[in-house]
Amino acid sequence: MSRIKRFYELGELGHNKVEDLLKKAKSSETSFNPRRLEGKVLATLFLNPSLRTLTSFQASMARVGGSTFVVSPEMSIHGLETMDGIVMDGRAAEHIREAVPAIASYADVIGIRALAKGFNLAHDVSDADFIEIQSLCDIPVINMESAIHHPCQSLADWKSLDDMSIPRKGGKIVVSWVYHPDPLSHSVPGDTIHMAAMRGMNVTLLRPSGFELSNYIMDRARETAALTGGSVVETDDRDEALKDANVLYVRSWMSSEDYGKKLADRNRRNELRDWCVDHSWFKHTHDNCRFMHSLPVRRGVEVLDEVLDSRLSAVTLQARNRMYTQMAVLDELLRTDKQSS
Amino acid sequence: MSRIKRFYELGELGHNKVEDLLKKAKSSETSFNPRRLEGKVLATLFLNPSLRTLTSFQASMARVGGSTFVVSPEMSIHGLETMDGIVMDGRAAEHIREAVPAIASYADVIGIRALAKGFNLAHDVSDADFIEIQSLCDIPVINMESAIHHPCQSLADWKSLDDMSIPRKGGKIVVSWVYHPDPLSHSVPGDTIHMAAMRGMNVTLLRPSGFELSNYIMDRARETAALTGGSVVETDDRDEALKDANVLYVRSWMSSEDYGKKLADRNRRNELRDWCVDHSWFKHTHDNCRFMHSLPVRRGVEVLDEVLDSRLSAVTLQARNRMYTQMAVLDELLRTDKQSS
Amino acid sequence: MSRIKRFYELGELGHNKVEDLLKKAKSSETSFNPRRLEGKVLATLFLNPSLRTLTSFQASMARVGGSTFVVSPEMSIHGLETMDGIVMDGRAAEHIREAVPAIASYADVIGIRALAKGFNLAHDVSDADFIEIQSLCDIPVINMESAIHHPCQSLADWKSLDDMSIPRKGGKIVVSWVYHPDPLSHSVPGDTIHMAAMRGMNVTLLRPSGFELSNYIMDRARETAALTGGSVVETDDRDEALKDANVLYVRSWMSSEDYGKKLADRNRRNELRDWCVDHSWFKHTHDNCRFMHSLPVRRGVEVLDEVLDSRLSAVTLQARNRMYTQMAVLDELLRTDKQSS
């Protein structure tokens, strides 16, 4: 199978390549060669905070003899300007058009995090910011979460679903909005329903009115489901949605109706504080329905301790699988042909 | 000798294991295998600032082919909530109950720093915060300073005492309070007197009235001294304390009388600004009495330059021994049985 | 050729050693041994912000199996006091006289950044601050930019000039002041004209009145040029300066006339906002005149996009060469004799 040149989102890889990566990830769990990527360097550019991505990528490289350097927002890096055609007489003393090629020239692969700015839905769905930064790199690029995609999370979640023996065809996953005080992006819910559709599952998007995902996201998931024998529906009826579910995957996001309107969005969300997962959500689910969340999660706000601390919760499994799946992605992008034999 | 499963405090290791670690540390000074821990990963979680611990652990891993990743308080990690049963609608977007298992799942060993909160003496002496975090990890844990223990410092100090040929039985160490503008914890003085008692030394705790250490700390040190042939006494009489001392070990700490009462504690300390080490402290000590301090130290406040810059000072030796002793601890916790032969 | 013991500035190395390092750097571009410096540790102490130096040194070590740890200004390291004889009752809880020897004791080589304080020109030109910190280290020291020198940049720039086939003897380089809102140091312009003089080039310093570089810098460059067959002149006449230039190297710096006088210096610079490079600067230059800048650069302020984004710009080449030349420097300072064969 031909090698991938970047890791931007699962859809462009195709089903066979994903299976290939998952197989490699599985084998990384039990053994790996601590010199396989010796001398290789991963650059990471975080324009936004990170905990799991930051640490799991460092570990993923270290276990096979590679190294990582980090450029992060809290560093004294003079500020990084991203706007084109600007006269830089303000705080930022450096433009990404100089910084990114420099950083990339020191590495064999670069990971970039550039979250949604949250002003304009069409702009964020187009992923224009990430795509521009990506165009400045002449080495393989890993999407460490962009405005609209989070493929590292989705690949890890796919592996977690496999690890828990959640059925592909016929398995039911509910991706549900929950309350959160901050306006979060559409990347995780969008990529999660698409990943589940790729996996052939029956997907229900459960969200209050005003929190629909964009047509681009929904159409893309439905088209994929049509090919894999899965399905994608959406509703605001919690009881109907959760009936016989094998998995409840939870995440908050900004209202699409009031996208970019801070006050209106907050007021709308404030009315929905009862969208917090407790045991009652599992009344009519499948017996072994698992609880999933990409973290960080706000206890007592998005979900009660009674669920998060129960045997239902898969959140630590999901976090751990970040490392194993990323080891597979790095191996795919970095190994030389000589090593692949 | 059986391998240790964690590095929490020297007392639980026992004398023989400490000697074993010191022997390994000594040999690390002259040679080490730069591939011995290849592919191994150390996670570090700092809930408080660090300089020596942060850098010496990275160097300790790097010299034997391992790697370290750092999670530190100044990072943009959404804030880390530590309180149980909380509704997380404030600033912190992540709870240690999710963050710590995730970080630990990326590593082979984890080091944690969680200093005393300084509100309640009994709570801090119980080390409840550190023990709770430790319970979230299913890999070996290294105490990088908790509310009441700092075993990395104590093991390095033991080696420094050996390096300087300070006698075990019959050697006299004075652990003295000094003035400092900030209210510091009881971990270093408590662990230092216990380490010296384990070493069989005669220990004098020199402190002003109101700065007694807790009964737990004193009783523990006295019980250990009873077994090793050492002794533990305390006094506020400087001349008596320092007479014939081989070592003066200096550290400030918060008043036990006014523990958690910020203003009362500060007022009490402000009256004691003359507790600053100068040459006069060495008038009646042993001729070659050495000055020790775990650093950081405030020049002109805790001790004058005339002492710190003199041949008496052992502070750089103490700092350097952090690396060698930690290399021994990491080797003990990480090497596989195959490598141990 | 004898090995160097430190990397402080190119002048003290001499021409042959520089050629030797450049040859090594060239070979690092195509191949390197990923275990050559295994187990070796680079300590970095940044008293000021950094992006390229910070990341390129980490990559330089990682590619040959070594490791780097970073101590940087944004870390919670209690603040680092640098003043001698001070009573440390303020914010800083640690003095460089304790911190630097500790850090150095964990490493095989240490890199230090300590930029000009910008209060007193004679003090900054003397490089007293860097030299004091250097004196606290008993391992090889790399100057990662001091008040008056930036040898890592100059060595990389020399390689870039070679890579672009800019003539040594007879080649003309113009080092020009440009407008910048902040008062920057004299290290880059001073070391650039000296590097070009070492290379045997004809150097023109182009700067407005009041922005002359110190006699120390100019005399040193002229003396070097006298030995290499190059030349050094200065002028404020842009047309004359740029005529037939092979290279335009751009950098802003604080007025020498108003050095340390914040308001006067800013007012003087504010009158000179037209010192911003555009296409018109290249009217009478050599046909293939290249644009160089050590970065970070403020777009639209120091130079227009039309130049920076054109084929004239060498800034990414310059940045990339930081890594290759630093690999040569690290190899020179760290390899053991056994490895050198």
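For clarity, chains are labelled A, B and C in written order, and residue numbers in each chain start from 1.
As a convention for this text, contacts are C-beta pairs under 8 Å (C-beta built on N, C-alpha and C of every residue); 3 or more make two chains touch, one makes a residue touch a chain.
In this text the structure is predicted, and so the values were computed from the model without any measurement.
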Least step count from subunit B to subunit C, where 1 means the two chains touch: 1
Interface residue identity across copies subunit A, subunit B - same or different by half: different
Angle, in degrees to the nearest 5, of the Cα rotation that carries subunit A onto subunit C: 120
Distance between the centres, which are taken as Cα means, of subunit B and subunit A, whole angstrom: 40
Shared interface positions of subunit B, touching two or more other chains: 65, 67, 74
Residues on subunit B engaged by subunit A in the complex (per definition of touch): 38-39, 41, 43, 65-67, 69, 71, 74-78, 81, 85-89, 93-95, 97-99, 101-103, 105-107
Residue ranges of subunit B touching subunit C (in the complex, touch as defined): 32, 34-35, 48-52, 54-56, 58-59, 62-65, 67, 72-74, 181-182, 295-301, 305, 308-309, 315-316, 319-320, 322-323
